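Note that the chains are named A, B, C, D and E in the order they appear, and that numbering of residues resets to 1 at the start of each chain.
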Amino acid sequence: MKAYAYFPGCSLEKMALSYHQSALECARRLDLEFQELDDWNCCGTTAYFAIDQLLSYTLSARNLALAEKKKLDMVTPCAGCYKNAYFTNVTLKRDADLAEHINEALKEDDLHYAGTNQVYHLLEVFCNDVGVQEIKKRVTQSLNSLRVAPYYGCQIVRPRKDHEEVENPRYFEDLIAATGATPVEYQLKMRCCGGSLLITSRKAAFSMARNLLQNAMDNGAAVIATACPMCQVNLECYQQQINQEFGARFSVPILYFTQLLGLALGASPKELGFGSELVSASAVLAQIRNKETSTTQSPYIRHATS
Amino acid sequence: MSEKVGVYICHCGANIAGVVDVAALSHWAGELPDVAVARDYKFMCSSLGQELIEKDIQELGLTRVVVAACSPHLHEATFRNCCKRAGLNPYLFEMASIREQVSWVTANKTVALEKSKALISGAVHRVIHNQALEPIIVDINPNVLVVGGGITGIQAALEIADAGYHVYLVEREPSIGGHMAQFDKTFPTLDCSACILTPKMFSAGTHPNITLLTWSEVEKVDGYVGNFTVKVRQKARKVNTELCTGCGICEQKCPKKVIDTVFEAGMGLRKAVYTPFPQAVPKYPVMDVQNCTFFQKGTCKACEKFCPTGAIDFKQEDKVVSFDVGNIILATGWDLFDCRRIPQYGYGRLANVYNSLEFERLSNAAGPTGGKVILRDGVTVPQSVGIIHCVGSRDKNYNPYCSAICCMQSLKFAHLVKEKTGAQVYNFYIDIRTPLKAYDEFYQHILETDETRFVRGKVAEVTDAARLPGEEGKLIIQVEDTLIGKQRRIPVDMVILSAGLEPRHDAKEVAKLFGIGCSADQWFIERHPKLDPVATMTEGVFVAGVCQGPKDIPLSVTQGAAAAARVIGLVNRKQVSLEPVRASVNAEQCSGCRICNNQCPFNAISFLVDKGVSEINPALCQGCGTCVAACPAGAITGSHYTNAQILSQIEGILEVELGQREAVPA
Amino acid sequence: MATPKKLLIIDDDPDFVDGIKTILRKAQYEVDVAYNPKDGFKALETGQYDLLLLDIMMGRGAEGIMVARKMRKDTRLREIPVLIITGIREQIAFLFPGEQVHPRFVAVDELVEKPIEPTLLLEKVEALLKEAKVKKAKAT
Amino acid sequence: MDTRPTFYQEITNMMYATHGDPISTCIQCGTCSGTCPVVEFMDHTPRDLIGMIRADLKDEVLASNTYWYCASCFHCNVRCPAHIDIADLMYTLKRYSIWKNQYPEGLIGPTFAETFVKMILSGGRSYEPVLAPAYIFNYGLQGFLNEALTATGLLLKGRIPVLPPRIKRLDNFRRMVGHIIPASNLVGEAK
Amino acid sequence: MSDNNQFEPVIVGFTCNWCSYRAADAAGMARIKYSPNVRLIRLMCSGRIDPQFVLKALSEGADGVLITGCHPGDCHYVEQNYKTLRRYALLKRTLRQMGLEDNRVRLVWASAAEGRILAEEIDKFVSDVRALGPLNWIKMATTTYVDPAPASA
């Protein structure tokens, strides 16, 4: 059983509790051991990173040091936490002066960052460490050609980490296909949903979210799968407001990919935190249950009345 | 026996003297043991500077000469000749590079002086152990190998053949002609590409001095300038060229159609037995065994049945031919940048996004649509077309260099699209670079007459995700129009990506095969970027055309001719002298351990079983010295790089340092 | 006074630097300036300075502290007195207005807040230089 | 060493540790602005802003809303043919304007940043309701009502915590932060 | 010597004639300033480097030795730099056995186009050797070297 240091991040404590629950449930069913970091703190978030990078690095470095203490690589389900932890790790490895400075601060909590562990996003662990083939083998409940739009968002793929494909990656699609669902091809899968502007510039955030929802709908998505709590909130909780703003009639469930993966691995909706959606996912669950009426056509295609 | 060394320190104008105190240096050098005279002079390489050295050799009886100046790669030959004129063996001369290694790279004058002293001291110590050597004179084989049958290689081959020497022209594809044969019109004159190329292809195919080896690749090159041995693999055509008349019946009768990804750039079909295009030279077809029904399924043989001369030969095998040449010209050309590497431009995913070669075929009257510019559906004439410049070029994510031809190509496309469809054309550019004769005039002409819209901005993405009214069913080009500072979404029917030029995918292996260098971008490295653009660091191997760096047809032809001129010059000399840097075995000391035997990549070392010692063939030895370092008995000597020379050079270099360090208290 | 004392300012704010540079030069000090921590540290390593005037908020955050801490670890730079002049209250002390800026986050010799009175600046500089001289005399 | 830095140099000085190539290598191709998903809300495109910085148009740059609208999606970063870390440039401009107290009125970025730091320091984790009052009034009544509706929805679904979260070793944590942001009140008595 | 009397190591560098010496030329042509501590000796190929050259240099007062050549696969003599690579590993072992820091010898590949890289590597090596401090080698008994007479043709 492979073990990881699991860093849920602030959002998963409450706002995205279902992500937390479903991530742990999937890990359990894939024989992965997720040991939650002891007394972790906020990663510094995207918004604050701009204002004081040294503090943001320090906040992430504390979490990295906690993971090092466990001698385990870190995995986090939150895309924002992932980006911050990953690039803090890269930066501190490259900049010995900065690492020393931050270690001086970490001493206050008896911690030390040495740069010995790796940082992964949950998707990477499932797609690379476990492997799509292995997941396919473990699927007990096919998702029945449910049309799922994989939404990569920003921070899992960008900034570029190495020479990986950043404009058209395929691993999320592969994972969705492994569950028996049909991955929806749509052009805006890598586009920003505007989540980080929700607080500072709502109008822009809504416009970006609308473009994204529209593009997924136009391509027949029945549900959008996300891997980031911020994207989930922006796309789901504000759907009503987006409808008002643009006179649209979106009503598309936005689920965490782990909720869909969990279903395919045989977990019950309750174990995966279903029930806290603001846009009901009951139609999705119904389609998975009902093998006979599987459709490839989205029941949700509705165009903006423009 | 004591030697009389002369030390000459060059100012190189201010290049050296501006940093190094040359007067102090020559004063110091004059005091060194064995140094009879030390002088400094403004330009040692000038005729006056050289006369100074010659005079000293003759009047002072110098037995060794050291010049401290620029890199030996620049002027070693100059000063060796100077010594020779004065009657001193040129190998009793040594050079210290105090420009490239000191004055140009050191800011601190004190340190620069110290470093110069160390290098000169090393050279003085070394030169005392130098031995008089005679250059090795070899005959030059007048035959020439030209690799690559594009316009550059054709030009080079014709020049040499016309001068009366024999040329082997090797081409990987079934026909010569290269990329130029695929083009429709050529910039800026709008000549039909085939019309100006075909006569040259024909001449090359029929010239009595040219042996054409198409569908062939060079496998091995041995030897050195004047005396290369080349092995070429002639892939089996499955067609007996002795019997074939090129009538084309086999191709007509062949039932198997294959997408032609080479000549037609994937836009058209060919047969399993084919000539890539009607004017192909040679006229003989080749059989594509991977796609031939007979080879795959065991039955068919339609070609054989209908061939009037019985030229089809299913049993024909690859043939390796071997021949000797004295010089080699590489004109291996380029590959097109793979536009799939930029997924956001949609190439390979969105049907009506074309790369530049695909458009050339589309627009070519002999191409798959008969020259009609239409969309992939085969009927629709586009009403709006976007041409994107710099695709894969000038971009650190792909190729940082400018591909040099794309601006001209894109302007040409704009004109052709307008002429053939009347569509609204948009050109998306970062900079328009039209520097040569009549190029900018063409740009001006397009601006004046064709109503092409020029949008300055590198396209961010091409998408079919409609967002605004009027975008449905179109390709939307999203770009910042940088001249107005606004993001624009421009819907078009067709997108042409003006893809950049890349080195051949196997350029590195080819460079290795011929013993030349590749730049970081993998273009072949010329001997000097300005003053020796077609020679390489390897004597007898020349480069021409795009394999050396992006360039257009006129420049490629110029280089092909230039390389030919260089080769003809060498061949006319009949002989060439080689550096006498060779290894030799002292049989008395050789223990016969055979450790050296497998050190030599040129198979110059053989073991004489009867004598129990190893021996080195000086004709094959290239002088690297690896065996010298490997010999446990010290029985091998590398001339001009002997242990004595190098060990004394080390001593000399460090003598200065020790003195200096003792002088400075710790 | 034989040779003038050599001071280095590391501060990214050209307006402020212009001000104190003029004041210090008028008082016969020799003054060099570096506008980012990297150039600043390079200057410290290559030149021989008698005193450093250091800003806090530079580059990615409170990098002045990094410079001070790194100096204190360097045997050759350890003895150089440091005067921190910070506008941190203006810059990020929206945190808890009215309270004191933490004076001892790293071993520095003195910290004053921007804007600084010319006389106070000269007093502090002089005092630090004097102190350093006494210390040096004791050490040898 | 003695010439006064221009605005452009001030910015490059602040970006001295950037992982990207310097903004002097920008070829003004507009890939960033063509890519940017928020560009329609910006008064200057990102490319334009780089041009303005290089022209030392300090007042115009600081008055621009461009860098406050940047969503940190890094799409421009991965496409930039000159390998400029454009998101980092936007961050730098945010810092510059906050440090110099020169951000335009009405933008809530700085207020948000301030609220965020205070929140982190009080509990070590982030807590959505604390953020809300900081910006909510900027949206007017309609916005307020909408926000309240969303918040109520989330509350009903149990997705908003009632009490702010706190890490266990908060004192250590605050002292740690005190090493990075030098403000005494964060850490109580310094050692 | 710099003002603050820091230790300036002396380093002997060996280059091949084809790649790394030309890299040094390229660094010069590009006017790239780098540490002046390295003195280069040109050989035809890095394969010519006899371990005794390195030991000689260290025993005569060098604090470090830099070995440079073409990149693996780019050797002008096909594959001789692989032999250099093997000898380099052996050489390091010998140095350790002699009680010397084996990082006083470094191997760097530089193509003719990589002047900047060579300069950077030289800077790095110089600062690393500077950190090691001076090499205090009790001068070995001077080895006499006699060249074998060239084989008669």
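FYI, contacts are C-beta pairs under 8 Å (C-beta built on N, C-alpha and C of every residue); 3 or more make two chains touch, one makes a residue touch a chain.
Just so it is clear, the structure is predicted and the values come from calculations on it, not from any experiment.
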Separation of subunit E from subunit B in steps, with touching chains one step apart: 1
Of all other chains, the one whose Cα centre sits farthest from subunit C: B
Between B-D and C-D, the pair with more C-beta contacts: C-D
Centre-most chain, if every chain is reduced to its averaged C-alpha atoms: B
Centroid distance [mean C-alpha coordinates] between subunit B and subunit A, Å: 49
Length of the line joining the C-alpha centres of subunit A and subunit C, rounded to whole Å: 46
Chain centre separation in whole Å, for subunit D relative to subunit A (CA means): 22
Distance between chain centroids, defined by C-alpha means - subunit A, subunit E (Å): 51
Sequence positions of subunit C contacting 2 or more other chains: 60-62, 65, 92
Residues of subunit B touching at least two other chains: 344
Complex contacts: residues of subunit B adjacent to subunit A: 342-344, 463-467
Subunit B partner contacts - residues on subunit E that touch it in the complex: 1, 10, 12, 18-19, 21-22, 24-25, 27-29, 31-34, 36, 39-45, 47-53, 56-57, 60-62, 73-74, 76-80, 83, 87, 111-114, 119, 145-151, 153
Sites on subunit A touched by subunit D in the complex: 10-11, 13-17, 39-42, 45-55, 58-59, 62, 91, 95, 102, 104-106, 108-110, 154-155, 158-160, 166-167, 190-192, 194-197, 199-205, 207-208, 211, 237-238, 240-241, 244, 275-278
Complex contact set, residues of subunit C against subunit D: 12, 14, 17-18, 32-39, 43, 56-62, 65, 87-88, 90-96, 99-106
Residue numbers on subunit D that touch subunit B, as the complex places them: 21, 27-36, 39-40, 44-45, 47-48, 78-79, 81-83
